[in-house]
Amino acid sequence: MADTLDIAWATDWVKACAAVVAEHRMELIDLDRAIGDGDHGENLDRGFKAVLVKLEAAEPATVGDVLKLVATTLMSTVGGAAGPLYGTAFLRAAKTADGATIDAAGVADLLAAGVEGIVARGKAEVGDKTMVDAWAPAVEAARAAAEAGKTATEALRAAATAARTGAETTDPLVARKGRASYLGERAIGHRDPGAESSAMLLEAAADVAEGGG
Amino acid sequence: MKKLINDAHVVVAESVEGFVQAHADLVKSSGNPEELFVSRAGGAVQGKVGLVSGGGSGHEPLHAGFVGKGMLDAAVPGPVFTSPTPDPILAATKAADGGAGVLHIVKNYTGDVLNFETAAELAEAEDILVKAIVVNDDVAVQDSLYTAGRRGVAGTVLVEKIAGAAAERGDDLDGVLAIATRVNDNVRSMGVALTACIVPHAGKPSFDLADDEIEIGIGIHGEPGRKRIKAVSADETTDLLLTPIVEDLGLSGGEKVVLFVNGMGGTPSSELYIVYRRARSQLEAKGVTVERSLVGNYITSLEMQGCSITLLRLDDELTELYDAPVDTPALRWGA
Amino acid sequence: MKKLINDAHVVVAESVEGFVQAHADLVKSSGNPEELFVSRAGGAVQGKVGLVSGGGSGHEPLHAGFVGKGMLDAAVPGPVFTSPTPDPILAATKAADGGAGVLHIVKNYTGDVLNFETAAELAEAEDILVKAIVVNDDVAVQDSLYTAGRRGVAGTVLVEKIAGAAAERGDDLDGVLAIATRVNDNVRSMGVALTACIVPHAGKPSFDLADDEIEIGIGIHGEPGRKRIKAVSADETTDLLLTPIVEDLGLSGGEKVVLFVNGMGGTPSSELYIVYRRARSQLEAKGVTVERSLVGNYITSLEMQGCSITLLRLDDELTELYDAPVDTPALRWGA
Amino acid sequence: MADTLDIAWATDWVKACAAVVAEHRMELIDLDRAIGDGDHGENLDRGFKAVLVKLEAAEPATVGDVLKLVATTLMSTVGGAAGPLYGTAFLRAAKTADGATIDAAGVADLLAAGVEGIVARGKAEVGDKTMVDAWAPAVEAARAAAEAGKTATEALRAAATAARTGAETTDPLVARKGRASYLGERAIGHRDPGAESSAMLLEAAADVAEGGG
């Protein structure tokens, strides 16, 4: 278990993201069919497939370079709400990671920058039943782990676990942003697709850091 | 799922290719699959404000069907029901710019708004003046702090038509935006679905409706609507759509409107006229004059069965602009 | 069955009422439910050959959608999928007569032929000169002693357009008939259904198609087609329709055609353009030039999903007449 | 059992036709859905309902008057193929019945004129899978009954029975006229709707003559 994360982790994470999104494409489509328009899985799958192609051709030097490549590629291939939101998240995260490695505090900074990007664009708050409900607790968990002297990998795992719980908390909510907000009470009982995909991506990050994935 | 398609992933590309071939006298495509857009065959009109719209595909003829003299300069088709990314929007914006700036006509969905915003920023970085009108005419959605705001639906067609006429008349960017805003402020819509549609990449219906149920307040992306009820007659269904529109607009006797009955794609036009007939007689009973009429499939949800009703409150100038010549693949008069 | 209707028995009456209200600038209705027909708002044109068509309803916009300058003078909508009786055909014939005689444009179905025949006899008894063109463009049906002959399908739209232009140009009745005959001799069609349609008074689908089956050679009345096969891609489906048409027409390289892809009512226009794209590229590969294109719902089968392909071999005169101005609710250009 | 048929029979027959067509409307629609366009039952129902209305207002003097009223009403309300065909059949039949009553030979003449009308308009032969397949044997059976000295009622019953058998013989046929002809071999195994409705109308005629119906 690495104390810090480097570009190899970042590259593997991106690949793991592509794999997890492809694997759960239909699950995310179905979540979005229920309270949205049924394209979330397709959008992310298209985006991360494009990321893999770009990654092949690129020679990133830092974690930040990798994340920036992800950001711009998602921005120009995903579309919909998730494209600009994830794109901005990765773009802001990339800016925090211009060194060779990142430690636990760096993980927390990276995630914090990400969620700030999402909020800057989408204006959602915790409890609005969006991807923010997965990201916000993840940031807190990572920060707590870092302050408790945990490794970067441990911080990531804490973030992933918190994101998973955060995604689950969207189930009983009425949505106040995005397409699901049109449904009023009828969104209750359904998981927000963006929160679910966020949890998946952060779980992939932890898995890869732990040597799995 | 049975569709006249080859592969869910090339539906938009192949369809746009056929579309520009069939209407080569009016439109052309960028040809670049990474930055796909449709623009007027003759290119940007120098000195005229450019009009660009776009959004997810699956709503044909919106938007590409409205590219042409008197309406749009360029349209950006995203993947089915998914907003296009900023790249093709930027490319379309450049192609539409005749030196007088560009108006983005954006339907109010988070994805569309965010992607058009980014494109506008990028365009401004390249010294193109861009303004945006965000259309939000759907009364099925409460416009409140607790939603993403009202959706943009069939009113978009009227915004594109009338703003297009204002641009053609020579209005400057602020003028065209003011007209578009006036249309948006005075237009309201609401829709009903009898069946759901099937998004090619999902392969199953966007929601499940029983054989005797209809969904009131449907969006144009196969999103479920405001409520689900037992199917009722065409007249009763019409009233369920019309009443909230009339109330929200605050229409009163003596006023004049465009009555626009729009098909969602899979409904026979004969049924749209039955709805039109009822809506018209209800309006007349209120003393409202149906000054102009539009009936047909103009903004659809793939093969969904159902319709929407749209009312636009008219004043003399809006009527004149509505009547102005338009020459596009899907809307044509006076030209 | 879910439809935007009030009562199966008044579907046609209510729909036509809405239709003429919505297009009052172009058309009017006879107002008489026993002799229901739609004619030009301005009435018969003195000295011009009158064009009357009609048939069962459920194929909208055909025929009433094509009443107007450059096309029909009157249209007679029968009950859904049922030929009208001689009475309204006679009434429409009188209304269309401007003193130069009337051409009946009849789709080749026993019922249409018999009812138009009777109406023509009655009109002649009232000293109106009537000739008829019986359109039979459907290559799915073998024209032989053993059938009622080929059906009239989408080619009818082109006969109405081009004969309409000939009448507008001032041709006499024999001249208009000759042009209509030339179009009919050079036009061929074939259709495919992905789903059946539901006739309101029957309340159930006209036939049952499994979820992975399509019906090739479908008619426009929900009649079953030539054969049923497993669904294949849009390109393969297109080839199945196009090949028999090209063969039957005996098309060869260097010739010019109208390529008309018609929707059956429930298919998104995006899919029609995918079919169009394939048909065009197949024709071009044979050296055939697609000189004009028409894509959309022009002759439908209620909410049926599917399409038909029509080719018309063009000569210079037919091209000129096709291009001539037309100003009807459903087809409009140059006007 | 009457030796001859009079205007009361004719009037009752017409009412019975309206009743039988209304009762079997959906059955005729379904036969027509299978090999046609699904409107035959609706067409005849609309037509005979109109006949009832017209009959109410009219004061026919002869069997022929009644049949003529049926003819013109069907002609102007049924439409489709069946309207002109049945219309012409009743019109021609009416011309044979200008007396006060008709005997067995008169029944045969009436039916013969009817089928001649159908053939004159539709050009179908026996075996083409049309209503002619019910009418032609009915004429022959009525003629044979008349020649054997049977009553008008007996002649009608013989005609009805033959029409019924004739309708059944259409089941295995390929159609050569009307919409079903487009189907080729696929029409095999289905009864022709017009032959079936013809058998129903003639059965109604016999039932009424026998005092039933």
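Letters A, B, C and D mark the chains as written, and numbering starts fresh at 1 in each.
Going forward, contacts are C-beta pairs under 8 Å (C-beta built on N, C-alpha and C of every residue); 3 or more make two chains touch, one makes a residue touch a chain.
All figures in this text were calculated on a predicted structure; none of them were measured in a lab.
Asks: Work out which chains are contact partners of both chain A and chain D.
Replies: Chains touching both chain A and chain D: none.
Asks: Taking touch as defined above, what minimum step count separates chain A and chain C?
Replies: Each step joins two touching chains, and the minimum needed here is 2.
Asks: Need the CA-centroid distance for the pair chain C / chain D, whole Å please.
Replies: Averaging C-alpha atoms per chain gives centres 33 Å apart.
Asks: Between chain B and chain D, what distance separates the C-alpha centroids? Give it in angstrom.
Replies: So the centre of chain B lies 55 Å away from the centre of chain D.
Asks: Using mean C-alpha positions as chain centres, tell me how far chain B is from chain C in Å, no decimals.
Replies: 29
Asks: How is the touch graph of the chains shaped: line, ring, star, complete or other?
Replies: Graph shape here is a line: each chain touches the next, no loop.
Asks: For chain C, which residues count as touching chain D in their complex?
Replies: Residues of chain C touching chain D: 34, 56, 78-87, 109-111, 114-115, 117-118, 140-141, 145-148, 151, 199, 201-202, 204, 206-207, 219, 221-224, 226.
Asks: Enumerate the contact residues on chain B facing chain C in the complex.
Replies: Contact set of chain B toward chain C: 2-7, 11-12, 14-19, 21-23, 57-58, 60-61, 65, 194-195, 211-212, 214, 231, 233-235, 237, 265-277, 280, 290, 293, 295, 297, 300, 302-303, 305-307, 332-333.
Asks: Chain C touches which residues of chain D in the complex?
Replies: For this pair, the touching residues of chain D are 29, 33, 35-39, 42-43, 46, 75-85, 121-122, 174, 176-179, 181-184, 186.
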